[in-house]
Amino acid sequence: MQLSKDDLLKAYRIMRTVREFEERLHVEFATGDIPGFVHLYAGEEASAAGVCMHLTLKDKIASTHRGHGHSIAKGCDVHAMMAEIFGKASGLCGGKGGSMHIADLDKGMMGANGIVGAGSPLACGAALAAKRLGNGGVAVAFVGDGGSNQGTTFESLNLASVWNLPCVFVVENNGYAEATSSKWSIACDDVADRANGFGMPGVVVDGHDFFAVHEAAGEAIKRARNGEGPSMIEVKFTRYYGHFEGDAQTYRAADEIKTLRGTKDCLDIFAEKVTAAALVEQAELAAIDEEAKALIDDATAQARAAPNPGAAELLTDVYISY
Amino acid sequence: MQLSKDDLLKAYRIMRTVREFEERLHVEFATGDIPGFVHLYAGEEASAAGVCMHLTLKDKIASTHRGHGHSIAKGCDVHAMMAEIFGKASGLCGGKGGSMHIADLDKGMMGANGIVGAGSPLACGAALAAKRLGNGGVAVAFVGDGGSNQGTTFESLNLASVWNLPCVFVVENNGYAEATSSKWSIACDDVADRANGFGMPGVVVDGHDFFAVHEAAGEAIKRARNGEGPSMIEVKFTRYYGHFEGDAQTYRAADEIKTLRGTKDCLDIFAEKVTAAALVEQAELAAIDEEAKALIDDATAQARAAPNPGAAELLTDVYISY
Amino acid sequence: MARKITFQQAVNEALAQEMERDETVVLMGEDIAGGTGGEGEMDAWGGPLGITKGLYSKFGDRVMDTPISESAFVGAAVGAATAGLRPVVELMFIDFMGVCFDQMFNQAAKFRYMFGGKAETPVVVRTMFGAGLRAAAQHSQCLYPVFTHIPGLKVVVPATPYDVKGLLIQSIRDNDPVIFCEHKMLYTLEGEVPEEPYTIPFGEANITREGGDVTIVTLGRMVHIANEAATNLAKDGIECEVIDLRTTSPMDQDSILESVESTGRLVVLDEATPRCNIATDISALVCQEAFDALKAPIRMVTAPHVPVPFNDTLEDLYIPDAAKVETAVRAVMEHRQ
Amino acid sequence: MARKITFQQAVNEALAQEMERDETVVLMGEDIAGGTGGEGEMDAWGGPLGITKGLYSKFGDRVMDTPISESAFVGAAVGAATAGLRPVVELMFIDFMGVCFDQMFNQAAKFRYMFGGKAETPVVVRTMFGAGLRAAAQHSQCLYPVFTHIPGLKVVVPATPYDVKGLLIQSIRDNDPVIFCEHKMLYTLEGEVPEEPYTIPFGEANITREGGDVTIVTLGRMVHIANEAATNLAKDGIECEVIDLRTTSPMDQDSILESVESTGRLVVLDEATPRCNIATDISALVCQEAFDALKAPIRMVTAPHVPVPFNDTLEDLYIPDAAKVETAVRAVMEHRQ
């Protein structure tokens, strides 16, 4: 299906915003001012954008430890995200969650997750709720290649099928789980090969190509919305940075990232396609680039300047009533 | 491969002993003298026998809650098993384990298991040990159809493949997990369909036919012994009794068991085949029947007469040193 | 008063009444209906002990059987709870938490805090615990101390048919994640239970017997053991105050402390194994907060630090009984400072 | 004496020396080598913090990377331990036990008992715990109270480079399942460590400071907080005896009781959240077994009953510090009976 110009610009804006967000975090982390673990999504933008472009507020996503891209694509406030990553009171989670726990349930973002594989059951639950409440919503579980080997994920695939849930499993195969190659850790060629055994269609798509992801996701989500059950999409690409910030990545081939960044960057490919097809002008994209940069500049400055949560916050938000 | 007459008699003896053991337990349980939960293996004998006939002491099996058949086939002492099920001091586990925890590590029987799916990782471990110690051993995980949906099982399939372990997964699909049909709970036609996704061959065999199981198991075990990695065998059959003793089984079609028992009993089929082929005489089988009955008579009488463990036993056997 | 029903019927009734009241209440678990996918009867089981039997027939697909995939379906209950349902999920035996604990303690329990107070996760995990059924080491544990340890979880351990109904309804209406622990030996216990729905608030202990000499704090099935011991001791003129905690998180510290302030003597009775359990928790609380009131050492009566044995004689020795409680009470009574 | 190395180097050295000594010792875990299946360097990580780095280069395929499948590989370690190996398996963060706890507490911990004393399961689960790294609620928990609760497990919580080496070697040689808890904030701590292999027996606490006024019992990273507090208090003439438990199961009850018999005052310092934790366990023990020696209420210093917050200011408030210990010690000193 052909996207409208608005949609094309929106998609590009999402991807560029994520890229800018992550590139900035890479720099900011190096200053030592960001606490804890930070896992960057740079290089993988087409997945979050391609999938979430199909979703509205009633739809939910369950994310991973590498969740910034999903969050932005699902509509989380970028300022509040940045503040959260700096641990500030103005953060999306009041500074209590950090990068690994960014969530905004009102936006249908059920949370990044520090436990690999934990998102899939949660997405099944959201899909069940949508089904029972009859609100037409779907749920998407983002799972890494590493996370696809977690028992929780396998069980969820089966559960989603036997309960016929409006759920889509997006396996983001970026080639590595930490320092381990997915070629080794997954005992078949493609994770998508496993989908059949769980009674659902599974496809492999080129994660450098927004349009490929967008199309596959559209079909899977349509299927889910129509009550035809779950699907799996395996998105293949690479991450541009280490597993977490600080990772020297000696487990990778010397020029692996450089080559991919140079030849297969999802933003470059997108820009080339839409300008070559004369759907969008280069200047329009450049304007978005500028706006994204300004947005992240501002978010970073505000996050840095924001106050820490007050000491009393330590003890709040554990229970609603106790 | 053709079995020797000795082997045929041995196979029959195992199956008959298991059957006799289970039929007796069904009767004994009704007296109220057997404590706890008892899950009978009657109807499934060809699986335990067909697989374990290939195994020797250096090979290990990890069993399930429905473990009597596996235990007998792997060589556990029948008297000690019966005493264990009655909870007596002379039991295989001193009366501390009961039906659900029968084990004899010296015989390579790693334990029945009260946790569905827990055996598969343990079998991977035994296979790893065999591989590292270079003793030529293999490990077999018996898993139910229900247990095949447990995350531990999926993870183990993948782990066994990526570590290239001498491990065989025998999925005993008896049609039900408790009161739930495997046709519903497993989101594909055959569990064996999933094997490919885990990088291993998977076959379906008729579990009423000892020879079918024996042949498939022989291939898988040979493959494992040769260092060619894990396999899955799905054995299809039915259980003759309820999930546990006391189960009214209203979830089954009215004549389901009666029909299968009448037409597809593994002992009948075996007897018919070997006598028709003039490999064994009916009288030889009848003699085994008698011996099995006498053995179980004796084991039951002894188990009933045996003393309870002494009170001091409550506190022993927790640690080797503490 | 009033109608007598069993603990088990009270559980069933609470579920039915809440499902009638609130469309968003759904049940899930292994064979909580039973018969799914088969050719025989549907609603064939109601769980292995028949506790939920009949609910499928009343509520149809709001009562969902599951594959044997606890981490998926407990997690699904948790996820659904953040998305508008009020799932009550059955973990058949508490001992099975080892395959799905993450979804309870890292997910459900922590969402609200990690998300800065913006999550509500009204999920109830009903689960069967305790020794006595000759079910051996993997089907007889207590484990509520583990749940109690975890901030963000509420933990309920009812002792009577009346309480189980009121506490279960409260659990379902509560907006935090609740682990609801049903002792398997209590299911057949009868007691007076009002027909209409009612709630019992969390964190309010039940003083099942008043007495001025010794306080016995306990929970679950042990409440009945404590009452039995107290009855026996009363014959010798020793008056025990028996406190049934009802919930361990939140816990009614005030009732405990008040009682000990007046009796000066405490015995804590806990079926769980002895390390880091509720008995130690309460002993520590009292020793810190009511030390000056104590006239004697606190004594704990618990299971020993061993797995649950299968053999019935051994299992009976394993479970704390009235005799052990009486010995402990007499010991604290005899203590001279 | 002697060579100084870090806690982290001591862990690595213990593993290397035991692997040299005993062919059946194997390691497994996620990226404990790192680089498996890739085109770059092998042994690239040694775990996320580099603790096991270099061992793959020394021992080859006895150091096994795993898929992200904790229940399978922890279970495999348990199974292998019953079959002739001595696996040391790394559970990267203790917080991940939620996906594999069954294999530890229902399998490894119970085999020996369930099988009537006929099983030996010499498996070690090494795991990283504790707050301080801004790793938030799912990567910062203590959770050793949960393991301590379980009969059949041994639980080790070392505090110094010297101890971590001796206790890890003991754990590997021990024939029971051991959960070995390494505090993530201790890895860079330096201390004197002998080059040759040595063992420290389980159940023997270490008195890191003698003193006659107040006993402080603690473990793990908190040992250093206790020592800091004791040093500060000594300036005011308050002499604390600091007991480092080293292992919580078995636990050195004698040393605790002996010390309290002489000081009459106890503060228990535990980084874990407060319910059913080691602080309550020890308070309860002392209140039962050494009540008459107590001159003041026992005070517990612990984390609050909340998940671990991400923000650094909040996390610093979450973690017990010397000031809180000093306040508790002064309170028990000031108590008048």
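Each chain gets a letter, A, B, C and D, in the order it is written, and its residues are counted from 1.
Operating definition for what follows: a residue touches a chain if its C-beta (ideal position, glycine included) is under 8 Å from a C-beta of that chain, and two chains touch if they have at least 3 such contacts.
Here the structure is a predicted model, which is why all the values come from computation and not from measurement.
Of all chains, A has its CA centroid at the greatest distance from the CA centroid of chain B.
Each chain gets a centre from the mean of its Cα atoms; for chain A and chain C, those two points are 40 Å apart.
Separation between the centroids of chain A and chain D, computed from CA atoms only, is 36 Å. Chain C and chain D have centres, each the mean of its CA atoms, that are 30 Å apart. For chain B, residues that reach two or more other chains under the stated contact definition are 93, 95-97, 101, 113-115, 149-152, 155, 158, 162, 184-186, 318. Shared contact sites, meaning residues of chain C that touch two or more other chains, fall at 67, 69, 71-72, 95-96, 98-99, 102-103, 106, 113-114, 136-138, 151-152, 304-307, 309-310.
In terms of inter-chain touching, the protein chains here all touch one another pairwise. Chain contact summary for the complex, chain B toward chain C: residues 35-37, 87-88, 93, 95-98, 100-101, 113-117, 146-147, 149-152, 176-186, 244, 248-254, 256, 308-309, 311, 313-315, 318. Interface residues of chain D, counted against chain C in their complex, comprise 71, 95-106, 109-110, 113-114, 136-138, 145-146, 148-152, 248-249, 272-273, 275-281, 283-289, 291-292, 294, 296-300, 304-307, 309-310, 335, 337.
Looking at the complex, you find that chain D touches chain A at residues 30-31, 34-42, 44-45, 48, 65, 67-72, 95-96, 98-99, 133-139, 304-307, 309-314, 317-318. Note for the complex: chain A touches chain B at residues 149-152, 154-155, 157-158, 161-162, 184-188, 193-194, 196-200. Against chain C, the residues of chain A that register as touching in their complex are 60, 62, 91-97, 101, 103-106, 110-111, 113-115, 118, 120-126, 128-130, 132-133, 139, 151-152, 155-156, 158-159, 162-163, 316-322.
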